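Please find one structure pasted underneath; my questions will follow.
Here the chain labels run A, B and C in written order, and each chain numbers its own residues starting at 1.
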Amino acid sequence: MAARQAPTLAASDGITRSAAPDAETAPGPLAIRGMTIAYGEKPAVFSVDMSITPGSMTAIIGPNGAGKSTLLKAALGIVPALSGTVTVFGRPIGEMGRRIAYVPQRASVDWDFPARVQDVVAMGLYRELGLLGWMRPRDRERVRDCLERVHMAAFAGRQIGQLSGGQQQRVFLARALAQDADLYLLDEPFAGVDAATEAAIIGVLTALRDAGRTIVCVHHDLSTVSAYFDHVFMINVSRIAEGPVATTFTAANLQATYGGRLLAAQIRDLGLGDVPRPDAPCPAPLRS
Amino acid sequence: MTALIDALLLRNGYNAALVAIGAAVLGASAGATGTFLVLRKRALVSDAVSHATLPGICLAFIAMTALGGDGRNLAGLMLGSAATAGLGLVLVEWITRRTRLAEDAAIGAVLSVFFGFGVVLLTVIQNLPTGKQAGLQGFLLGSTAGMLYSEALLIAFGGALAAAAILVLRRPMTMVAFDPGYAATAGVPVRTVDLAMMGLVMAITVIGLKIVGLVLIVALLIIPAVAARFWTERSGHVAAIAAAIGGLSGYVGVALSASAPKLPTGPMVVLTCFALFVISLLMAPARGILARALRHRRFQIAVHRRQGLLALAHGEPVIEPLTLRILRRAGLIRADGVVTEAGRAQAAKALIDARRYEIARRMHHEEAIAGRLVGLEPIETVLTPDEIRVIDQRLGVPRSV
Amino acid sequence: MSAEFVQLSLVPLLIGTLAAMACAVPGNFLVLRRQALMGDAISHVVLPGIVAAFLITGRVSTWPMMLGAAGAAVVAVVIIELIRRIGRVEPGAAMGVTFTAMFAGGVLLLEQSDTSAVHLDVEHALYGNLESLVWLAADGWASLGDRAALADLPPELLRMGMAAALVLALTALFWRPLKIATFDEGFARSQGIPVRLLGFGLVVVAAIAAVAAFDAVGSIIVIAMFICPPAAARLMTNSLERQLGWSMVFAALAAILGYVLAGYGPGWIGSPHAVSASGMIATISGLILALACLFGPARSRLSAPSEP
C-alpha cells in the first residue's frame, strides 16, 4: 500500500480532520471504515466508521432495524458489505479470525439440533482441532472449565433443546470462552435471559475485560448501559456517536439515535437530565 | 407449423379444442391457487399431494375391475386419487404437528412413500389379467392422445368448477396468504381458508392428472406464481398475473403437444410455463433481475463515490479498488492518483453535505429512521433551501456551496 | 435354494442396501438443514442428465451417463441458488420451478430421441429395476471365491459400493465442520468455515449417492432413502452421531425387508408374481418412519430423553 501514493487532499484546505483514530500508533482491536451494507437499495448500515478502544467494553446501541447486528455481522464477514474495510488488530479480518470470538443471537439457531451442551462448547475448539483432530483430555477439561465459568458444568450432558433461554445463552458464551480470543463480539447476549444469567454473563465479560480482552456487545437495554459498559457506540443506520459512556451516553445523543421513539421521561429515568429541545424547529415539512 | 397454428386455433376437432380450453382453465386455476400456496411458503406441499395420488389411482382401478366395471373410468380414478391425496395431506400435517420433524421432511417422506407404494400397486395391476391395457402410466406424465369426449368434458367442467371456487374465495385467501395474523384479527377463519386452499390444490391435481401427469402437475402450481411475483408488488395483481401465465401455458402447451408426434403433453405445458418464467425473471421491470441489477449498480456507485470523496476531503488514502475506479472515471482523480480540481470541489461539497446531513438527521428523526436522510443524494434534492440555511446556521458554515 | 438365492437375490439385496445407506448418510444433514426436498430435486434432475449424456455420446454407457447425471444435479443446484438469491424466491418454490422444468426437459428429450433400441425409459428412471441385477454365473455361496464367477458380477454392485464408500469417507472427513455449519451458520462463518462451499459439497455428495443409486433403484426410492431413514433416526435419539447410526440401520432394514417382501411376499399370499422391489423398499421405509413417529423415544420436542 505504502509503495503507491494514495490520493489525498492536502490538509491545508481548511477542512479539519474529523476525529479519526490514530491507527498508525496502536492498531485497535476492531476498526471499521466507510462500511455500507444494503439489501437492495435500502441501506441497513450507511457509511459507518467504528474504532474500538483496546481493553474496553463497548455497547452498540440503537433502535430496532438500526443496523446493530448487521454491522457486527459485516465486520466478521458474515454478511457482505457494499463498501468499507475492516481491520482487526491492524490486519485484515481474514488473517485474524483466530483472535475473535463471536456469539450470535440465541434465536438465530435451531436449538432442536441433536447435540449436547458439551458438544456445542467443543465447537469453540474447531480452529485448534481442525477436521480430524481428536479431543484430548485437556480439551475436555477446557470445555468443562468454560462451562464452569458460566455455571453450567452440571448441564454438560444435557440435550440443548431442553435448556432455558438463559442457559442456552450461557452455553453460547462458554463456546466463545473456549476460543480463548482477544476480541469478543456478542449479539444481544442479554436478550430474553433471566436475572441470574444476566449477572453470570456480565461477571464473565467483566473478568475478560479486566484481563485485557476487548468486548463488543450489541445491546438493547438502555437502563444497564452505564452499569455494564465503559464505551458506547450509537448507531441509527449512520453512526451517531462513539466514545466513553460518561461523555457519549448523553440525552442529546440518545435523542439523536432514537428520535421520537425514546420519550423524554425515559431519558430522565436514565439519570441523564433533561432532553435538550431541538433549538431550531423544522421550518417546513420535508420534501418527499 | 400449420399443425401448430391449427392446434392454436382449435381446428383439430372438437375433442382437441375441449382439451385445450380445459388445460387453459386448469392452468389459470392452478396459477391463482399456487399464488396463495407459494405466499404461504407451502409450495412443495403440492408435490406431496400430487405424488400421493398414485396409490389412489391404482386402488381405484383394482376396485373397479374387481367390481366388474371398467377400471379405466376417469371419474372413478379421479375419486380414488383424491382419497389418497387427501390422506397424504393429512399425514404431512400430522407429522409436522405431532413430531419434531419439519414440514419439508414430512413432505418428502409422504411423497416418496406414497409413490413407492403406488409403484408396488402398479406392478400388481400389470400382473392382473386386465392390467396390461390399463394405461395407468399415462397418469405419470400426462397424455391427451386418444382422450374420450366424456373425459375431455369432465376435465373442462372440473377446471371451470375450480376457477369458480377461486373467484368466490379470492378475498379471504389473499388476506390469509399475505398476512395471516391480520386476517385472523379481521375475522377470517384462517384454518378453514387454509383447508379450502389445500382442497383446491387437491382438486387441481386430480383434474390435471390426465393432462399434465402427477409428476409435473406441481409445476403448474408453483411456476406461474413465482413468475408473477416479478411483475408486480401488488398482492391482488399477483394472483391475476399468475392465472394468466398458467392459462397461457396450459393452452399453448396442449396445442404444441398436439401439433407434432413425440411431444408429450405434460412436459410441453411445463416447458412453456418455464419459458414464461425465465422471461419474467430476466425482463420484468418491477423485480426482474436486469432491472434490479441496474438499480443496485447505480446505488453502489453512488455509495463508493461519496465514500471516496469523503476520504479525499479528510486527507485519508482511498484503498478500495472500486472506489478508485469510480473516482477516476468521473475525472475526480487523475490516473496517477492525484486529485483534480473538480475532485477538490466535489470533495469539499461532499464533506459539507455529510455534516449537514448529520445535523439534519438530528433535527428530523423520523425521516432519518425512515431512511430518507442517509445522505447519498446531494442535500439540495432532499431538503428545501430554507431547511439547509437553518442547518448551515447551526453548523457555522459561512459560505454556501 | 441357496444357489438360487445367490444367483437372483444376493446382488440386488447388496445393491439395495448400499444404495439406501449411501443416500441416508447425507440425508441426515439434508433433513437437519431443512433441505430434505433437495433430495427430491436432485433425483428428478438425474433423468435429463442421463438423457443428455446419451444424446451426446450416442450410446448407453455407464460413466458418461453418471457424469451427465451428476452434472445435471450440479446445474440444478446452481439454478436453484440463482433463482433463490437473485430472484428472491423462497427455497421450496425455487426448487419446484427448477426440478419440474428440468424433468420435463428430460422427458421431452427422451421422447424426441430414438431410445427405443436401448433400455432407457421414463418408468425405469422413476422406479428402477433392482430385480434385473442378477448374478447368473453364480451357482451357490462357493461362487464368492470363484474368480471367474466374480468377474461376471453386475458392474452396478462395484459402482454402488464405491459410491457408498466415497460418501462415507467424505462425511467422516468433513463431519466436524458440517455439524457446526448445520447447527450455527453464523458461528461457522466466524470460524472461517466456508459455509456455502460446504453446503454445495453436501449437495454434490448427495447427488453422487443419488446418481449411483438411481441406476439401480430409480429416483423415487432415492428420495425415500434420503428422507425416511434420517427422519426416523432423528426421532430415536438426540445425538447426531447416534442419529447417523440409526439412519444406516433403518436404511439397511428397509432395503432388505423391502426386497424380501417384494420378491417372496406375493408368494406367501398365493400370487406367482413379484411386485416392484424399489417400490416396496420405499413403502417399508415409510412404515419404519411411521413407527418412529408413533413410538420413537425422541419423537417430540417435549419428550426429549436425557442421555448419558
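FYI, a contact is a pair of C-beta atoms (placed from the backbone, for glycine too) under 8 Å apart; a residue touches a chain by one contact, two chains touch by 3 or more.
Just so we're clear, the structure is a prediction, and the values are computed from it rather than from any experiment.
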| item | value |
| --- | --- |
| Between the pairs A-B and B-C, the one where more C-beta pairs touch | B-C |
| Reference chain A; chain at largest CA-centroid distance | C |
| Distance between chain centroids, defined by C-alpha means - chain A, chain C (Å) | 44 |
| Length of the line joining the C-alpha centres of chain A and chain B, rounded to whole Å | 38 |
| Interchain centroid distance [CA atoms averaged], chain B/chain C, Å | 28 |
| Sites on chain A at which at least two other chains make contact | 112 |
| Of all residues in chain B, the ones touching two or more other chains | 100, 292 |
| For chain C, residues contacting two or more additional chains | 234, 301 |
| Footprint of chain A on chain C - complex, ascending | 32, 173-174, 176-177, 179-180, 182-184, 186-187, 189-193, 234, 237-240, 242-243, 301, 304, 306-308 |
| Residue ranges of chain B touching chain A (in the complex, touch as defined) | 100, 292, 295-296, 299-300, 303-304, 306-307, 310-320, 322-324, 327, 333, 336-339, 343-344, 347-348, 351, 354, 357-358, 361-369, 371-372, 374-376, 382-384, 386-387, 390, 393-394 |
| Chain B-touching residues of chain A, taken from the complex the two chains share | 1, 4-11, 13, 15, 17-18, 20, 34, 36, 38, 40-43, 46-47, 63, 65-66, 82-85, 112, 236-238, 240, 255-256, 258-261, 278-280, 282-284, 286-287 |
| Interface residues, chain A side, partner chain C - complex | 73, 76-78, 94, 97, 100-102, 104, 108-110, 112-116, 119-120, 123, 126-127, 129-132, 157-159, 161-162, 175 |
| Complex interface listing, chain B residues touching chain C | 38, 41-44, 47, 95, 98-102, 104-109, 111-120, 122-124, 127, 137, 140-141, 215-216, 218-219, 221-223, 225-226, 229-230, 262-264, 266-268, 270-271, 273-274, 277, 281, 287, 289, 292 |
